[in-house]
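Two complexes come next, and they have one chain in common, chain A, joined by chain B in the first and chain C in the second.
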Partner chain A sequence: MIWVETIINGVLYGGLYGLLGVGLALIVGVMRVVNLSHGEFIVLSAFIGVSLIGVVPWLHPLALLLPVAAIAFVLGFGLQAVLINRVVTRPDPFAAILLTFGVAVVVRNLMVEVYGADPRHLQAGQLAQASAGIGGLHIGVLPLLILALSVALFTALQLLLTRTRFGRIVRATADHRDVVRLMGVNPGRVYNLVMGLSLALASVAGMLLAIRASFTPYSGVERLLIAFEVVVLGGLGTFWGAMLGGITLGVAELVGLRLDPNAGPLYAHLLFLVGVLLRPSGLFRVRA
Partner chain B sequence: MTLLEVQALDAFYGDFQALFGVTLHVEAGETVALIGANGAGKTTFLKCLVGLIGSRRGEIRFGGEPIGGQPAERISRLGLSLVPEGRLLFPSLTVEENLLMGALNRRPGSWNLARVYELFPVLHERRRQWPDALSGGQQHMVAIGRALMSNPKLLLCDEISLGLAPLVIDQIYASLGRIRDEGASIVLVEQDVKRAAGAADRVYCLLKGRVTLHGSARGLGLEQLSRAYFGT
Partner chain C sequence: MVERSRKLSGGKRKVSRRAFLKAGGVAGLASAAGALHVNIARAQSRTLKIGFIGAQSGVRANFGETTPWMIERIRTAVKDGVKVGGKSYAVEILVKDNQSDPNRSSVVGSELVLREKCDLVVAFDSDAALAVGELSDARGMPTLSTMVPWTGWKFSRGATPDDLIEKSFPYTFHFFWGAGEVVKNFLAMWNSVKTNKQVGTFYSDTPTGRAFGSAKTGLPSGMSQHGYKEVPGGFYKMATDDFTNQVTAFKNGNAEIVSGLVLPSHWATFWNQAAQAGYKPQVCTVAAAFLFASAITSLGPRGDGMSTEVWWTPKFPYKSSITGQTARELATDWENSTGKQWTQPIGYSHAIWEVALAALSTAADPKDKEAVKHAIANLSVDTVVGPVRFKDTPVKNVALTSMAGGQWRRTKNGRFPFELLIVYNATAPQIPVEAELKLLSQLG
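Take a look at the complex of A and B:
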């Protein structure tokens, strides 16, 4: 029974991991850029959440998801418009990767300067302890909510990209950046919106993760690592693959912790390594 | 009325000069063929017109307005539409979504989805499929339809017969007649001299980036054309 519970909890946790990765997958898929500052913006969103809680302490952190996502969207839009669009059209992909690395270093140190290096936590109150008994299993209400939210966001993203005019423009820009210009589309503006969307998704993941685990300004690297593994394991640029990749890692981590309480995310990383060796193009590669 | 006027156009890729003083004009309602061997500069010339090559000298006027130096996304809204070499369809979009991309400019005119399907009925049957499931000729039809959806005043066609069976080429060229009847002018870039000269009012021949011959399609002899084409 304890194993069933562990696996269910792993699935619930993994949905959040998928959400950490999907914004990164979006950027890789649309502009062929690996955003090395993705993890820093995940952590920054949690700090923005902490600041907002300081202003309106009576609000539940979950009520702050929308305002934080809106702020993250604006940050992403600005980051792309002011910095990344300058290098993204260069034939050498390293220019963009190095730039995002630089952004990561600056954002990380700004967070240390403003918030200090102490570990922080977002308090979810009674919701954090609430659990539901289903058929003799004890499942946390908050993790269930988080998975439901992740699935809802994945579905919304999927619908946005496949069913709307905006989604059509994004996919076409990803295919041929020059050809869309012949149809009156400015690829730079599409990139601005996509980066905003990517960081808005990342910010939701960042807030939810901050409710489940503490974080410091230096947590970005660990977040980026998970996001990376999710994207690669799921198959580059595929969104449901990222979700399944996240769930695989989540289950591996919790099963590993059950076997060895000191392991941390070691077993998730090991599983990633085995996965990449066996299926280098991703476990869940399907047509995007 | 002169729709397109190009004066002494030079174009560069870095230090390499691809076009030397190209002068050309297209009247409203006219079909002009631009012929030349591989590497003569035909595609470069079209890219200059639509704004995809920034490094150039000379003057380009479209509908009287100077468009040289303007970005491609702005030029497209003026009614200049390109069927690019190699089609360059969007592989992640269905046939119908590809066509709809052409309509983003919202230029008014007689072309819309229904009219494009009427022109190429096979595309209607295949509207939900991915472009790479289509034959080469059908992919050309999607590329032409996508360009038409913006209701261009001038349609630029880059090697629309390349790699197609003669029967399919006949079909594509027949559609050009109907596009003309709707009022669009056409620039046809071709390596197939006979085919292009047969469909055009006037012919320009490019050789190593220079115009070596131009004149009425009916007035030019085949021998004269092939000399300008090969530079012998």
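Take a look at the complex of A and C:
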């Protein structure tokens, strides 16, 4: 019974991990760029949520998911248009990676400057303690909701990319940046939209993280590590892979902690290492 | 120097490289001479410089919340200077925020010790106490610290369980209680109620958490001596978002008591997840998590009945050696000027100045590091947190202060939603007991 509960909790936790990684997976898939400021934007979204709650304290934080995602979309669009598009077409991928690293440092220190280094949290009221009894097990309603939201977002993203005209353009741009130009597509503009979408997804992860636990301006670094592992474990550029990668990491972490309560995230990191050694192209790589 | 050169080159648009270097060199010489001049002036002046490091932001910001308020009051109290041996000295206080970060502590610590050349450094935070301690001993800087259990302070500075009492340091002194007092208070509180003696524990992976959770000297050894059985939840990392493992372990281990050392933001996550899993312990006595009314208030109705170690409340029967205010008056002063409920660090953030000023004013020469060091070692002062006795102390370099056990209860029509009641006082009998510990099922 205790193992069942541990694994269920791991799956629920992993849903959030997957959401931390999916935005990054999108960027890697489309632009072949690792956005090292992804973690900082996750945390920045949570701070934007805290600021908005300060303006409308009577609103439930979950109601702020859409406004925060919209702000994050604009931020992502601007970041890509103003900065990253300048270097993304260079043959050397390090230029873009170093640029996002710089952005990460700047954003992190701006957050410390503006918000201070104190831990913050978004109050979700009764929902944070609500419990659902299923077959003798008690499962938190909030983690269930977070998993459901993750699955919904993954499905929506998958449909967006496979069933719509926009999705076709994104996939075509990912495959042949130079060829789509001939069809009248501006790859830079596609990248702007994709970065906006990536940060919008990151913002949902950030808000959910802030509701579930607490965060500081420095939390981004650890989240980036998780997001990165999710992407690599799932297989670069696949979305369901990212979801499954997240769940695998979540379960590994909690099962590891059950075996050794002092381990921290050690077992999740070990699993990542083994995964990379055995299946360098990702555990769940499917041909797109 | 770089700054100056930049300004120079900015002023004249077209400067040859040679002229530029010359100008930079002259500016550098000028600034070096300036610094020299200032130092001479300082050495001659009758100003006592006290450097202060505290955590005003970061995870321990709660502990530093009262610091700016208190320093403003201390500055007012010493605005006419202090008299030492018939001579009058002005007092200058330099305040540094270490952001609850060990690396930042080293940076601001060396600023105070090496660059500012203070006469005394005080550290009001665990990281600050450790980082500046090593430097102060190496550089002969008298240093006072508090706000970390003395056991954790000594362990982190190289003491072992065998030389914990005897281990001494040349220039660094500390006053606080030890992890042992917390353990005594926790066990005595649990002994006063009827439980199944199963205790779920988890600790933050920090020096204080490690000292408190140490199998030999911390809570686990005290528990086994009194017949309590531990359901271990381990040491958790600071970046932890999930405590379902601890919840599941405690629930399956049927732990009626939850204990350990947990930071307030982590406890909030744990306590929500406990509710989600339907885990209902009878007693939650956790170090660090329940020191602050703000942490209890943010838990809402589920904050009722949390129990904690108490190192200072307005009910402590002591008064300030600087202002003469009683503990109650000091707390009311804070509540009236900030609108916020009193917090435990108010007492120590005041007492550290009482000890610092007493040390400087009893020194044969307050500008002489050796004299100040001897003054601290022979110090005995009655502060708002109780007596601080470095003279004839049983523990080298440490003055032991008092501690009691308390439980947060909801107030009926009070100014604030919760108040902290003293429920156990055997380690400090002068502090009056106000209530008995109640099980969580007996409340609410």
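Here is the rule we use: the second predicted complex is superposed on the first by the 287 of 288 C-alpha atoms of A that agree within 3 Å, B and C clash if a C-alpha of one lies under 4 Å from a C-alpha of the other, contacts with A are read in each partner's own complex, and residues count from 1 in each chain.
Throughout what follows, a residue touches a chain if its C-beta (ideal position, glycine included) is under 8 Å from a C-beta of that chain, and two chains touch if they have at least 3 such contacts.
Worth saying up front: this structure is predicted, and the values here are computed from it rather than measured.
J.: State whether chain B and chain C clash or fit side by side on chain A once the two structures are superposed.
T.: In the superposition, chain B and chain C stay clear of each other.
J.: Quick check on the superposed pair: does A:2 touch chain B, chain C, both, or neither? Answer first, second, both or neither.
T.: Touch partner of A:2: chain C, not chain B.
J.: If you stack the two complexes on chain A, which partner ends up touching A:168: first (chain B), second (chain C), both, or neither?
T.: In the superposition, A:168 touches chain B alone.
J.: Given the superposition on chain A, what is the angle at the CA centre of chain A with arms to the CA centres of chain B and chain C, as a multiple of 10 degrees?
T.: Computed angle, apex chain A: 150 degrees.
J.: Quick one: is A:214 in contact with chain B, with chain C, with both, or with neither? Answer first, second, both or neither.
T.: The second partner, chain C, only.
J.: State whether A:119 touches chain B only (first), chain C only (second), both chains, or neither.
T.: Second partner only.
J.: Using the touch criterion from the header, give the chain among chain B and chain C with more contacted residues in chain A.
T.: The partner that reaches more residues of chain A in the superposed model: C.
J.: May I ask you to decide whether A:176 touches chain B, chain C, both, or neither, giving the answer as first, second, both or neither?
T.: First partner only.
J.: Using the superposition on chain A described above, determine whether A:184 touches chain B (first), chain C (second), both, or neither.
T.: first
J.: After superposing the two complexes, find the smallest distance in angstrom between C-alpha atoms of chain B and C-alpha atoms of chain C.
T.: Comparing every C-alpha of chain B with every C-alpha of chain C, the smallest gap is 34 Å.
J.: Overlap of the chain B and chain C footprints on chain A, residue-wise?
T.: Looking at chain A, the two contact sets are disjoint.
J.: If you look only at chain C, which of its residues touch chain A in the complex?
T.: Against chain A, the touching part of chain C is residues 57-59, 61, 99-101, 202, 205, 232-237, 239-242, 244-246, 248-249, 252, 263, 265-266, 268-269, 272-273, 275-279, 298, 302.
J.: Help me check something: in the complex, which residues belonging to chain A touch chain C?
T.: Against chain C, the touching part of chain A is residues 1-2, 5-6, 9, 13, 16, 112, 116-119, 121, 123, 128-131, 133, 138-143, 209, 212-214, 216, 219, 222, 253-254, 257-258, 260-265.
J.: So in the complex, the part of chain A that touches chain B is made up of which residues?
T.: Of all residues in chain A, those touching chain B are 165, 168-169, 171-172, 174-176, 178-186, 288.
J.: For chain B, which residues count as touching chain A in their complex?
T.: For this pair, the touching residues of chain B are 50-52, 71-74, 76-77, 81-82, 84, 88, 90-93, 97, 100-102, 104-105, 146, 150.
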